[in-house]
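Read from first to last, the chains carry the letters A, B, C and D; within each, the first residue is number 1.
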Amino acid sequence: GNDAYIQQGADAIRTRQNLVKSLLAQRKWPELGWDEMSIELLLSDLAQMDSNNFPANIGAGEREARVYSDLVARRHFRMAHGIGRSGDIAAIQPKAAGSSLIMKLVNIMCLDVIRLAGVHAANACIALPLATGMAMVMTLLTLAQTRPPSARKVLWLRIDQKSCIKAITACGFEVVVVDNAIEGDEVRTDLSALQHQVNTVGKDNILCIVSTTSCFAPRCPDRIVEIAKICATESIPHVINNAYGIQSSKITALIQDAHKAGRVDAFVQSSDKNLMVPVGGALVAGHDRAFIKRIGEMYPGRASAAPSVDIFITLLSMGQQGFRSLLKQRKVVFEQLRAKLGAFAVSQGERLLETPHNPISLAITLSTFGSDATRLGSFLFTRCVSGTRVVAADRAAATTSVGPVSLSNFGAHHSAYHGAYLTAAAAIGMTEQEVDALIDRLTAAFKDLRAAMNQP
Amino acid sequence: GNDAYIQQGADAIRTRQNLVKSLLAQRKWPELGWDEMSIELLLSDLAQMDSNNFPANIGAGEREARVYSDLVARRHFRMAHGIGRSGDIAAIQPKAAGSSLIMKLVNIMCLDVIRLAGVHAANACIALPLATGMAMVMTLLTLAQTRPPSARKVLWLRIDQKSCIKAITACGFEVVVVDNAIEGDEVRTDLSALQHQVNTVGKDNILCIVSTTSCFAPRCPDRIVEIAKICATESIPHVINNAYGIQSSKITALIQDAHKAGRVDAFVQSSDKNLMVPVGGALVAGHDRAFIKRIGEMYPGRASAAPSVDIFITLLSMGQQGFRSLLKQRKVVFEQLRAKLGAFAVSQGERLLETPHNPISLAITLSTFGSDATRLGSFLFTRCVSGTRVVAADRAAATTSVGPVSLSNFGAHHSAYHGAYLTAAAAIGMTEQEVDALIDRLTAAFKDLRAAMNQP
Amino acid sequence: GNDAYIQQGADAIRTRQNLVKSLLAQRKWPELGWDEMSIELLLSDLAQMDSNNFPANIGAGEREARVYSDLVARRHFRMAHGIGRSGDIAAIQPKAAGSSLIMKLVNIMCLDVIRLAGVHAANACIALPLATGMAMVMTLLTLAQTRPPSARKVLWLRIDQKSCIKAITACGFEVVVVDNAIEGDEVRTDLSALQHQVNTVGKDNILCIVSTTSCFAPRCPDRIVEIAKICATESIPHVINNAYGIQSSKITALIQDAHKAGRVDAFVQSSDKNLMVPVGGALVAGHDRAFIKRIGEMYPGRASAAPSVDIFITLLSMGQQGFRSLLKQRKVVFEQLRAKLGAFAVSQGERLLETPHNPISLAITLSTFGSDATRLGSFLFTRCVSGTRVVAADRAAATTSVGPVSLSNFGAHHSAYHGAYLTAAAAIGMTEQEVDALIDRLTAAFKDLRAAMNQP
Amino acid sequence: GNDAYIQQGADAIRTRQNLVKSLLAQRKWPELGWDEMSIELLLSDLAQMDSNNFPANIGAGEREARVYSDLVARRHFRMAHGIGRSGDIAAIQPKAAGSSLIMKLVNIMCLDVIRLAGVHAANACIALPLATGMAMVMTLLTLAQTRPPSARKVLWLRIDQKSCIKAITACGFEVVVVDNAIEGDEVRTDLSALQHQVNTVGKDNILCIVSTTSCFAPRCPDRIVEIAKICATESIPHVINNAYGIQSSKITALIQDAHKAGRVDAFVQSSDKNLMVPVGGALVAGHDRAFIKRIGEMYPGRASAAPSVDIFITLLSMGQQGFRSLLKQRKVVFEQLRAKLGAFAVSQGERLLETPHNPISLAITLSTFGSDATRLGSFLFTRCVSGTRVVAADRAAATTSVGPVSLSNFGAHHSAYHGAYLTAAAAIGMTEQEVDALIDRLTAAFKDLRAAMNQP
């Protein structure tokens, strides 16, 4: 009778407790996603392990995680001590065993993410509570400790996005721009230009080479296998900015190959762009456990636990299975985008740029608009299309400064790229319905612009 | 009849809307705290302004704030774009007008906090989504851009806490330790030692002087007025680590005076330690608007909005009135702690160290325990007392390394401090009941230790 | 620049406000479901209209909706005044204009539900914060006010479920059982038995006839069209217990036809069983606006708003479109269940009972288990199968009492039904995967039972 | 090191688990209130025991607690099965062991509430998910089952509030009004009128006597001790409407005395008015365990768990200690209200009515306003004062109908009460600040009204 029902209920509690025990024991990313109830129970258990939630705690220090607003306390599941210690962002906090366990599990599961995505050569990963740019800063500053004092120049393969340049210059290092080559429609790494700069600058003056894998078409992922070989030969560190490359198996295969073929010290990726969490975290991964550990040890003081907790919840919620199916879906949606965008371009007297090496971003020409092409942006903006970019035709004469770095024809990744274009990406989480809606709005925006052009 | 009731309800909605309008119009920290309902309504309104929450949004970029877990989305009030742009952490994000408004308002209200607390000389404040250590890194790196390339040494007034040393060395700068003087029971700035180091190192080789205001007794806040004078005279930048000093009017008065008397480039404080939010943010404030602005412009890329949102909620919830009463309460509780801790010490054959210059932390001697004093820590730990620190007697022979810096008798702020002691602090939010409970547990822990010492 | 972004954000706010305005203006169930953010915003707006949330409210009465626990306040979106007034559950509360609006909108949208489901003859609907049994009590007590004092007997078409009998006897009325007929495998209304009872009891002694539409196979929905005709002819009220019949278009078509052909005073349905909300509400609907209104006016005092708020959220979240697709899905899943359960039965040497008139519930024989059939229940229980029912073979000799009513062979709806059987239903929200899992577990449980039977 | 921290965290989890174990083992209202975290953990554990949350559950019934909206599921902590079974509102549900446990614990703790408040004679209590009016309906219908069929009249001691009359008439019973006596300023039970009605109606025709304890001044709690004696002598059941009387020790002492001196079958109180939860529940308590149990068994079908869950959370949150201090505070605030309202009245040329027998509500005369007194209401309404009531001078000529019952001078509890007055109550949770604000607004409203009266 009643006892049997209560027993069955107790069994259900035990089933969930076993899920938790298994996570803590096996310390790996679960194959199957957890339901929200199970995740909340785990967070509650962990929160109870933080001293500010001890029923009997008395705090006589300067940092006791007293939280004024209950709304704030609740949104952090009552964990308030952040992560890290003064000496190491990856250290266990005595006052916050629960928060610390989350941080440890996140680092472990993030390595599982990196490997599942295809970079089996990775042996360590740290989830920093910093977005990609700042994660790059920490990586460069850590590298600098291993290099001669003269090594203050960073060879940077041009990609027209400001945050990487700023990361380098913020550290006080000098950016040496390595220009790209145009190959057909694609903008790609110019390996001979790179080798030339290595020779010119001199390896003792080079902190590292920074390459990029994820980028807007028609720029393509850098030739990182060949770059890794140069780095190995020349004994120059190599850092890959892989901002949103985890979501593409083509890109992760490149990174894996680069590790096999040559030198990669670290590759850095955004948690929000790959794992569908809010902005705020980055994963720094690499082959050399000691180097990745040192990045954590460089971190002065504590940090917000929020990015780690977001990743924690999300990875538990997805499970490996969920992530795999997101990766698969993205690939399908990318092909749909390519097909539909191509057909749309043709219908408009334009064409899809041929960029077979870029597996995430696509571009179509804007040749029929002349100098009005740049006006397309605002027509898309008012139709609530975000993320597309309009790049105007060759503006080699115009120069954009990012700190001390000057780049002509900024936005096109090359000072002399031919013609205006519009980019669009198929990022993780995009659906086929969104592709269709995008095409509809592009159609409308093109029409709007042509109408506007016809007006006196 | 019914119309009147509905009218009255509509009036209530309007009252809250006016609260919001007034905040957005006046852009200052409200005098009176808001209730949670009003805060949630404002957050909802702002969240709706972020493009990922537009009913009609289509995202075709690489970062579209798609959030996988609804639990994660909810805890961030559905804001996911973080703060900042690639070029500037304080810039408005096109995709996230609501998040950007929060960030702007937080910076404005944080300056109000700084001024309310007593530093009227401050003209600008930026809330960084980084804890104090990393905020110090950003401040030093920004300073470096204004200094000659030779200026790579930081004169650091010894305070035995690791994260500031790590901040300096993480940037690749060299720490020059300036030893303290012992004056009675107090450990204080040795101004002549400082002047000596300035002369020895040479000002062109000095990036800046880093002083500290909030610290554990018996170390006292640095003599920042005199230091500011030296900095002015010598044209050396001056950064104050004011980690938890906002909560003490004595300390903020010192900072105000230092601005009047000499040079202060920036002072850095923790949001969690002063504003009762979870770990993760810091306020960098200063007299020179342009310099503080440049710190934001140095920040490469975006960052988590979580620390800003926590501050936003908390400051609205407190109002100026609530913060003032917290400051007042802390002062009262500090006096209670001083009186009760002193009486307790006497009852145990010990005494309160005389540290009149430290307005937050206190210390009592542990002279009756000999070398067993250090065991006290674990007795307090098991009784759930956190935040107290036991510092053993003179260990000048022993040396602790923090990166490249070696310090003898680490923990005591001086290589030759006399005798063991225990510290306790009265930080913001502490209550009189907690002081009483602390004394009870100290009594029990002392008894435990004496019993343990008597066992063979 | 920034202004355009903020303008776009403000537009997004306005879009959601228009959704709210349109709901309040049009007062009908939206065609498209709302997202959670929009629903929460509406609830916040409405909550602000309740006096306990007025920033300036002073309460000097005995009921001022002060809520002790913030957790409780939050889960009710800070609405605490409940619904109704002392005189009428459907009246506007002066202190709670927001809660009252929800209640009004719920009643309106519930009528839309009833009509969308197929009962166009319904002109009024009231959502009572009572489950079906108590809603039946309120309906019968209201009916009684219109009947002669002698009318204290209720002709009840036998259905073996306790709560309807209890509803009748709780009111102090007498249950007159009208036995069913067996037709093939089906248990159906015996119209001549009903007419006989009408004649025997005498219409002035009859409060009403209570028929039932949703039931476990092999009982089928009552012949309510014919019953309605008898009620019309004899001037006897007719109440239909339509507990979970809204989800079946066959049943709603019957109810619609009954209205056309004869007399139906009210039909009562559960909110949880049809609308996927927690237990606690019922919809009482009918043709006669005045009668339905009188039920609300009978309700003494206030009541919990929770069931109404759950319905409110759910109907907004579904939209008419979402509900339609749930109804469609249920029909498909029912056919799958029929096919798979039938095939399973055959594979086990059993058969599906032929019950074409029951569109929700199905049954298979348990003829191969003899008296062990009843043991099947516990084998299904331990395999976490809920909702199936095992009915043992003919137990005409055994009698079950429900208050003053005695029924032989209780559970089978007829004192002499042939053979044991197992029922299973395809209710709203069931998925094809659940059907498959059910068949798997049935297979395992049958195997378990056969193994157990073979053991000595 | 780390192990010790994790151990300490695990100890903290265990401390909370012990709290839960102790509650489930001891089954009594905890002396000390729980923090929100502990309450949420308990709710999570209990929710997991409900079958709809079993990870492996398959539902093939008609009621499987599938919840469409996640927002709805969350606000019910994912419990959806409601409480009760078809046969008994207090029965354990097989599908919902967790929800059932809550309901059991609530009934136990509510009896603790009744006793703590002072009615030690109570041996049983059931928390019904119905507000007071409907709880009265259930009580009367249950009583009717024990009385002769002729007993269909309820002797009702006049109190001018509609829901009790409606409860009686909704059941189909006849209300026999027993008029009150005026004694000084007070309106009190006229015992001889009561005895007269008992004699006139005849006890076999009387279902019960309904008395009331909590009411607006100048009506006072009924003389329930003497009424109980009459009921004992005459063998007539006695039901006390104690709507908000639990909060007054004077009233609970009366109820206790009534049990000792005579007959009380049940006393009914609101959960929202006494326990600071949202409207929706009532506690029916009494001396006779069997009778209270029968009320639960009368309840047909299931019901919303929301009112029980609200009580559960609130009682755990308060603890006995918290409730005791609320009772104490109310007494203090009542005395403040009496003093300040009295002084205010004198300052306005009015006076406090002398109503020493009413421990919750007070009244002041409105003799200086003549027939304009009734206009005061709207002036208070626009100043956001709720809960006060303005009763106009003698309107014996005017008659109000509540169903079949007609009462002259409705609102004054007596057809010939002298003069207009304004009532105000000091209910549980009211604070001294609210009293002060009330006096301020009264002052302003009086001024407004006098100004309005002086205008042509």
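The rule we apply is simple: contacts are C-beta pairs under 8 Å (C-beta built on N, C-alpha and C of every residue); 3 or more make two chains touch, one makes a residue touch a chain.
What you see is a predicted model; the values in this text were computed from it and never measured.
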Repeat of the B-C interface, chosen from C-D, A-D or B-D (over half of contact pairs identical by residue number): A-D
Of A-B and A-C, pair with higher C-beta contact tally: A-B
Relative to chain A, chain with the most remote C-alpha centre: D
Cα-centroid distance, chain A relative to chain D, in whole angstrom: 58
Chain A-chain B separation of Cα centroids, rounded to whole Å: 30
Between chain A and chain C, centroid-to-centroid distance (C-alpha), Å: 50
Chain A, residues touching no fewer than two other chains: 8, 40, 51, 54, 56, 70, 94-95, 384
Residue ranges of chain A touching chain C (in the complex, touch as defined): 4, 8, 70, 381-382, 384
Chain B-touching residues of chain A, taken from the complex the two chains share: 36, 39-40, 51, 54, 56-72, 75-76, 79-83, 86-87, 94-95, 129-134, 136-138, 141, 144-145, 161-164, 166-167, 170-172, 214, 216, 243-244, 270, 272-273, 275-281, 298-307, 310, 313-314, 317-318, 326, 360-361, 384-389, 402, 424-430, 434, 437-438, 441
Complex contact set, residues of chain A against chain D: 2, 5-6, 8-10, 12-13, 15-16, 35, 37, 40-41, 44-45, 47-51, 53-56, 78, 92-95, 97-98, 100-101
